Amino acid sequence: MPRPSGRRSDQCRPVHLETGVNKHAEGACLARFGETHVLCTASVDDRVPPWLRGGGRGWVTAEYGMLPRSTHTRTDREAARGKQSGRTQEIQRLIGRSLRAVTDLEALGEVQIKVDCDVLQADGGTRTAAITGGYVALALALRRLRDRGTIKTIPLIGQVAAVSCGLVEGTPVLDLDYDEDSGAQADANFVMTDSGGLVEIQGTAETTPFTEAEFHALMALARAGIADLCRLQAAALEAAGQTP
Amino acid sequence: MPRPSGRRSDQCRPVHLETGVNKHAEGACLARFGETHVLCTASVDDRVPPWLRGGGRGWVTAEYGMLPRSTHTRTDREAARGKQSGRTQEIQRLIGRSLRAVTDLEALGEVQIKVDCDVLQADGGTRTAAITGGYVALALALRRLRDRGTIKTIPLIGQVAAVSCGLVEGTPVLDLDYDEDSGAQADANFVMTDSGGLVEIQGTAETTPFTEAEFHALMALARAGIADLCRLQAAALEAAGQTP
Amino acid sequence: MPRPSGRRSDQCRPVHLETGVNKHAEGACLARFGETHVLCTASVDDRVPPWLRGGGRGWVTAEYGMLPRSTHTRTDREAARGKQSGRTQEIQRLIGRSLRAVTDLEALGEVQIKVDCDVLQADGGTRTAAITGGYVALALALRRLRDRGTIKTIPLIGQVAAVSCGLVEGTPVLDLDYDEDSGAQADANFVMTDSGGLVEIQGTAETTPFTEAEFHALMALARAGIADLCRLQAAALEAAGQTP
Amino acid sequence: MPRPSGRRSDQCRPVHLETGVNKHAEGACLARFGETHVLCTASVDDRVPPWLRGGGRGWVTAEYGMLPRSTHTRTDREAARGKQSGRTQEIQRLIGRSLRAVTDLEALGEVQIKVDCDVLQADGGTRTAAITGGYVALALALRRLRDRGTIKTIPLIGQVAAVSCGLVEGTPVLDLDYDEDSGAQADANFVMTDSGGLVEIQGTAETTPFTEAEFHALMALARAGIADLCRLQAAALEAAGQTP
Amino acid sequence: MPRPSGRRSDQCRPVHLETGVNKHAEGACLARFGETHVLCTASVDDRVPPWLRGGGRGWVTAEYGMLPRSTHTRTDREAARGKQSGRTQEIQRLIGRSLRAVTDLEALGEVQIKVDCDVLQADGGTRTAAITGGYVALALALRRLRDRGTIKTIPLIGQVAAVSCGLVEGTPVLDLDYDEDSGAQADANFVMTDSGGLVEIQGTAETTPFTEAEFHALMALARAGIADLCRLQAAALEAAGQTP
Amino acid sequence: MPRPSGRRSDQCRPVHLETGVNKHAEGACLARFGETHVLCTASVDDRVPPWLRGGGRGWVTAEYGMLPRSTHTRTDREAARGKQSGRTQEIQRLIGRSLRAVTDLEALGEVQIKVDCDVLQADGGTRTAAITGGYVALALALRRLRDRGTIKTIPLIGQVAAVSCGLVEGTPVLDLDYDEDSGAQADANFVMTDSGGLVEIQGTAETTPFTEAEFHALMALARAGIADLCRLQAAALEAAGQTP
C-alpha cells in the first residue's frame, strides 16, 4: 500500500541540516525533515545549574517551542498563556537527555550549553528533527569553545540522532509526516548513537496495543534511518569547517 | 551478583492492591510496591473536556502528585510553587494514555473519569505503581457506573499494568527500587495489557547507551512481571465484589 | 435532640493518632478523627527563612493540602490550578502559628521544621485534626534531633491540640463532622495547650450572630475535648518510644 | 501604665468615616482610625458568582489590598509579584463574611456587591477599619439600588463593625496601633453587630497563651468600642443623606 | 466648538499637587488633574537592581496601579488576576524613563528610588498626572536623602512634567478628560523638562491617521501646558520646605 | 561622521520582504532589515474577542516574541519564565494598533486576524520590521479571505510601514542597527501610511532631552524611509500574486 507521500516504507523525507543560520549563537542548525523545519541554536552559558556549582562538571540542556502558526491551525503562544504545556516539557526533557548521552560532562568543565529548538513549521516529527539538528548545533558550539581554547578537545563521545516510526494500516513505516502520524495505530521515537547504541525509546499505542514483533520491525527501520541521519550530520559539520 | 534487597533479578517487590481506602471516590486503590505507596482514586465527572462535548464519547484522564515528604528529603509542594513540574506532567500524561488504551470510550458515553494518583511514600517505580493501581480504581468506578445503570456493561477491553526494569551493573533486573534506580545504567518502563499487548514503552540510557539485546532482556522481564500484576489486579477486583 | 452520628453533644469522634506511617520523615502521624484522615509529616530543614538567617533562632512552619478526592465530590488539584486557595493559606498559617506557640524557637537553634498536613479523606474538622496530629509529628522530629545530638533537650514548652465546636439547631456540640458543619448556625475552632492556655480562637457566625453566652458554652466543650486529645497525643508519643 | 499614644485602655483612636470620596462607586467611605486610612468602595455587579446563577439570591464579597508604601517600609506590590499573599486572602475573606452576616441575600436579589478595601496608609488595625468602613460603603450602594428602584427596601438586617483588642504588658487595651500591636502578648479581632451579636472572633496568642479571663476582658472592651463605631457609622450615613 | 467641560482648547483642568499625604514615604504627592487623582510615593531602597550592583550608580523606577473602582465601572484587581496588564506595564515603564531622564544616577550613588503611582480615581490622563506628581515625590525623597547626609546635593538636572493633548472633532485640545479621550481622533502624551527639552512623545491615531501639522499643533499646546505644570511643581516643593 | 555600517544618514539597511515562507498560515512574510529577521504570519480566526461578539465587526491583533538566541547573548524564554515582559507587551500592542489603523474592521466582518511576529535574529529595529512585514502577511491573509469569497473586497484603507530613527552623536540617522541604537542620544519609531499619514510616534530621550527641531529632522528621515518601505511592500505583494 503506497504512503500518501509516495515514499517507500523505509524512506525518510528529504533531510537538510543547514548551518550558518544565526549570527549570534555559538552553534546553529536549521533542520528540515520535509516540511518540518526546526531552528536549533546552542548557547554557551558560564553558569551551570545550582546543583552542579563548584563541582567542575558541565551541563547540556534543551528548550523546545513552537511558533504559534507553525501548526496547521494556530496554537496559542505559550508565553501568552503563561506556561509551557506538558507536551513541551516532555519534549525538551527528551532532547536534553539525548544530547547529554553523547557529551562527556566532566571533560566539558563547568560550562552549560543551552540548546533551543524552535519549530518554525511543523509537519510531524518535530522532536526527532530537534534532536538531530540540536546535535549539530551542540557540536558547533563545542568546536567554538575548543577554538577559543576553553577546552582542549571536543567532549563528544559520539553522534546522536533520532527518527520516528509507526504502524500505519498494519505496515511499519519510517519518519511519519503529520498525515501519517494522525492515522497511525502506534508510533515510536528512537534516539540512537552513530554506533547503534540505544539512547531513548518512546513507544505508544495510539489505537490498539502492538506486539513485540511489530516493535522490532519499527526498531529495525529506525536503525537504518538514524545511520543515514548521522551521515548527514557529519557532512553538515564537515561543510561548516573542521570536523569535531 | 545479589540485589540490595536480596530479590532475584526477575522478582518484583511484594505488591498489595488494597481497595476500600476512600469513602468518597467511585473507585479507589492503595497500590503498594514494597515501600512505594500510591493512593489512586477514580472520580466520575459529568463533564467531558471541551473538545469532546456533544459527541457522545467519554474520556479517561489522570493526575499525579507526590506528597512533599513522600521523598527521601522533602520536595517543595507543587501547589505552593504554583506549577507542576515537567516530570509530573510527563507521568500523568503517561498514566492517562495507558488507562485510555484499555477503555472503550465510545461505550463509556459522555462521561469523564479522573484518576488521581498521589504518592504517599516513594521508593522507586511510582509511575508504574500508579498505572497498576489506577487501573483497579478505574475498574471499580466503572463497575459503580454499571451498578447505577448509567452504562450497561463495563467498557474495558482488557487490563493494563506496568512495571519498570533496568540494567544494574550489567544485569537486567525487574522492578527497581530507589537504590537500584539511582545506580542503573539504563531503565525502562513497560505498560502492557493482560493479553501481552504493548501499550507504552519508555526506555532511557542513564549512563551509557544500551544494546537491542539488552532491551529485549528488559522486555522479557517486564512481560512476566506484568502478567503477575494482572493476576493481582484481578484478585483485588474479585475481592472487592463482583468482577468487572 | 440526637446528633446524626448518635454522639453526645460533648463527645468527640473516635480519634486515632498513628505513628510510624512514613519511613522518610523525621516525624509522622496519621491523625484520624472519625472519617477525617490527615497525614502529618515533620521535615527538618537546615535552612531557616531569609529573615531569620544568622540569628541563631529556629522556625516551625506548616503546609496544608487536600487530595483531590478527599472531598465528597472531587476538588480541582491546587498544583494544577497553579495556586493555593485562600482557605488553604488561611489554614496552613493557623497550623504554623499553633505549633510555634508551644515551641521554644531560641532553644531549637537555627533549624526549620516543616510540617506537612495532607488530607487523605475529609469529613469535617480537617484543620483541627491537622494541628493535633501535626504536634505529634513535630514532637517526634524534635526527639529525633535530640537523639542525633543536634539539640540537648526537646524545645517544647507544652502540648497543643485543637478541636471544633458549633451551634447546631441551638445546641452547642463538640467536634462537628461534615454533616453537622454544613448545617451549623455558628462554629468555632479552638487551639489550646495541655495546661488550658488559649492559643488560637476562630469563631464564625454562619447564619445568624451568636451571643457571648453561646460562645462560652462552645469554649467549655472545647476545653474538655482538648484535654482528651492531649492525653491521646501523650499516649501516641509514649508508644512511639521515649516521651519528649 | 500609660499607652504610647496616651490613650486610656478603653479608648479608640479618633475615627473618621468620610463619604463622598469616589465619584464612580455606588458607595464609598474613607475610614480613618488614627493614622490608618482605608478607602472602601462598593460596586454593583449584575453577575453573581457561577454557583448562584439563576437562583435569585445575591452575594456580597470583598477584596483587600495595601498600596506598596502604605507600610513603614515599602512592601512589594502584589500585582507585580503575581499573587495575593495568604494574609491578604485571609483578610478579604473575613471582610466578606462579616458584611454578608448583616445582608439579607435573598432580599438583595441576583446582584453582587463587591467591596474593595484599599489601605492608603497603615498603622495597625487595617482589617477592622476595612470592615467598619466597608459597611458604610455597602449601605450606600444598597441605598443607591433602592433609589434606582432595583430593590424595594435596603436588605440590611443590622450594622456590622469591627475593632481589635490586645494584651499589652498584661493590660487589655482597645484598638491597637502598629506600635502596640508589634509588642502585644495576644491580640484579637472582634466583629459584632449593632445589637451586640458576635459575627467573627479571631484571637491569637503572639508570645504566650492567654487565659479565658483575659479573653473575656478583651471582648468587653470590644463590645463598648464597637457600639461607638456603630454610632459613627449611623452618623456618616445620616450625613450622606437618608438613613438606610 | 466648546469643550464638554467648558474649558478653552489650551486650558488644563484645575491641577493640585498636594504634599504631606503619606507619613511613611520619603516623598509623597497626591496629584489631582480635575477628577483624576493619583497618589504618588517615593521610597528609598538600599538595593539597586542586580545589573547595577557594585557599580556605584543609582536607579529610579516606577510602578503604576489603578484601584479597582478608580474607573467608571469596576476593573478587576491585577493582584487577584495574577498579572499586570500590558497597559500597566507600558505606563510604568514610561514613568520610570521620564523620571530617570532628569536624575543624575551617578550622583545619586548606589541607591534605588521606587516611585509608586496609584490611581485613586480616574478621569483621563492618569499617566501624565502620575509623571507630574511622581516628580514631586521623587524630589522630596531626594531632599530627604540630602538632609540625612546620604548625598551632598540633590541629583536632579531639571524638572519633568507631562500632559496629554488630542484632536477632538478636528480641534487640538490640551489635557483631555475621559469623555474627550474616548471620542478623540488622535491623542498624544508629551513629557518635557522645565527647559522645554523633549523626554518622551507617544502619539497614536485612534480613528484616522493625523498630519504632521496637526502633530505640531498638539506639541505647541503641550509645551505651554507643561510650563504651567512645572511652575505648580516648583510651588508645591517650595511650600513643602526648602526648594531642591 | 560615517556610520559604523558605512550607510548614509538617510539610508535604510537592505530590506527584503519574502513571502511564501509558511505553508500553513493564511499570510506570511519574512521581513529582513539587514541582520534583523522577523517571521510574520497572519492567521484567520473565526472567533473575535468577547467584547465584539455578535456585533458584526472584525478585529486585528498582534503577538510578538523573540527566540531565545535571536539576541547577542541568550535571553530567557518567556514561555519558561511564565510571563511576557513589559517590553514584549508594549511592542505587540503597538503592532496591533498600527495594523488596525489601515484595516476597515466593519468591512472585515466578524473575523479576527492574528498576526504573529517572531524575531529569529535581532540587530535593532525589530518592532518596525515586524510592522512592515506584518502588513504584508495581513494583506495576504485578507486576499485569501477574498479569494475564498468570505469578503468581497480587501478591507484595507492603505498600507502601513514603520522605521526607527535616532540621534547618534548629534546626527539624525535612519534605521538604527543594534550598535547605533545602543549609543543613540534619542530614538523614535514612526509608523505611517503610504499616503504619509501618521499612525504612531514613539520618541524617547535616551541620554539627554532632545529639541523640537531634532525631532522634526527625525520625522523627515522617517517619512522618506517609509515611502521606500511601502514600495517594497507593494512589490512583494505584487510578486506574490494579484495585488490587493
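Note that the chains take the letters A, B, C, D, E and F in the order they are written out, and that residue 1 is the start of every chain.
Methods note: contacts are C-beta pairs under 8 Å (C-beta built on N, C-alpha and C of every residue); 3 or more make two chains touch, one makes a residue touch a chain.
To keep track of the chains, here are their UniProt names: A, B, C, D, E, F = Ribonuclease PH.
Keep in mind that what you see is a predicted model, and the values were worked out from it rather than measured.
Identification of common neighbours of chain B and chain D yields C. Relative to chain B, the chain whose mean Cα position lies farthest away is E.
Interface residue usage between chain A and chain F, two copies of one sequence, is largely shared: over half of the residue numbers at the contact are used by both copies. We define each chain's centre as the mean of its Cα atoms; on that basis chain A and chain B are separated by 28 Å.
Chain D and chain E, compared by their mean Cα positions, are separated by 33 Å. Averaged Cα coordinates give chain B a centre that lies 59 Å from the centre of chain E.
Residue positions of chain B touching 2 or more other chains, listed in rising order: 82-84.
In terms of inter-chain touching, the protein chains here make up one closed cycle, each touching precisely two others.
Listing the residues of chain E that touch chain D in their complex gives 22-25, 28, 35, 39, 41, 43, 45, 63, 65, 67-74, 77-80, 82-84, 88, 114, 116, 118, 120-121, 123. On the chain F side of its complex with chain E, the touching residues are 83-87, 89-90, 92-93, 97, 101, 158, 186, 188, 192-193, 195-205, 208-212, 215, 219.
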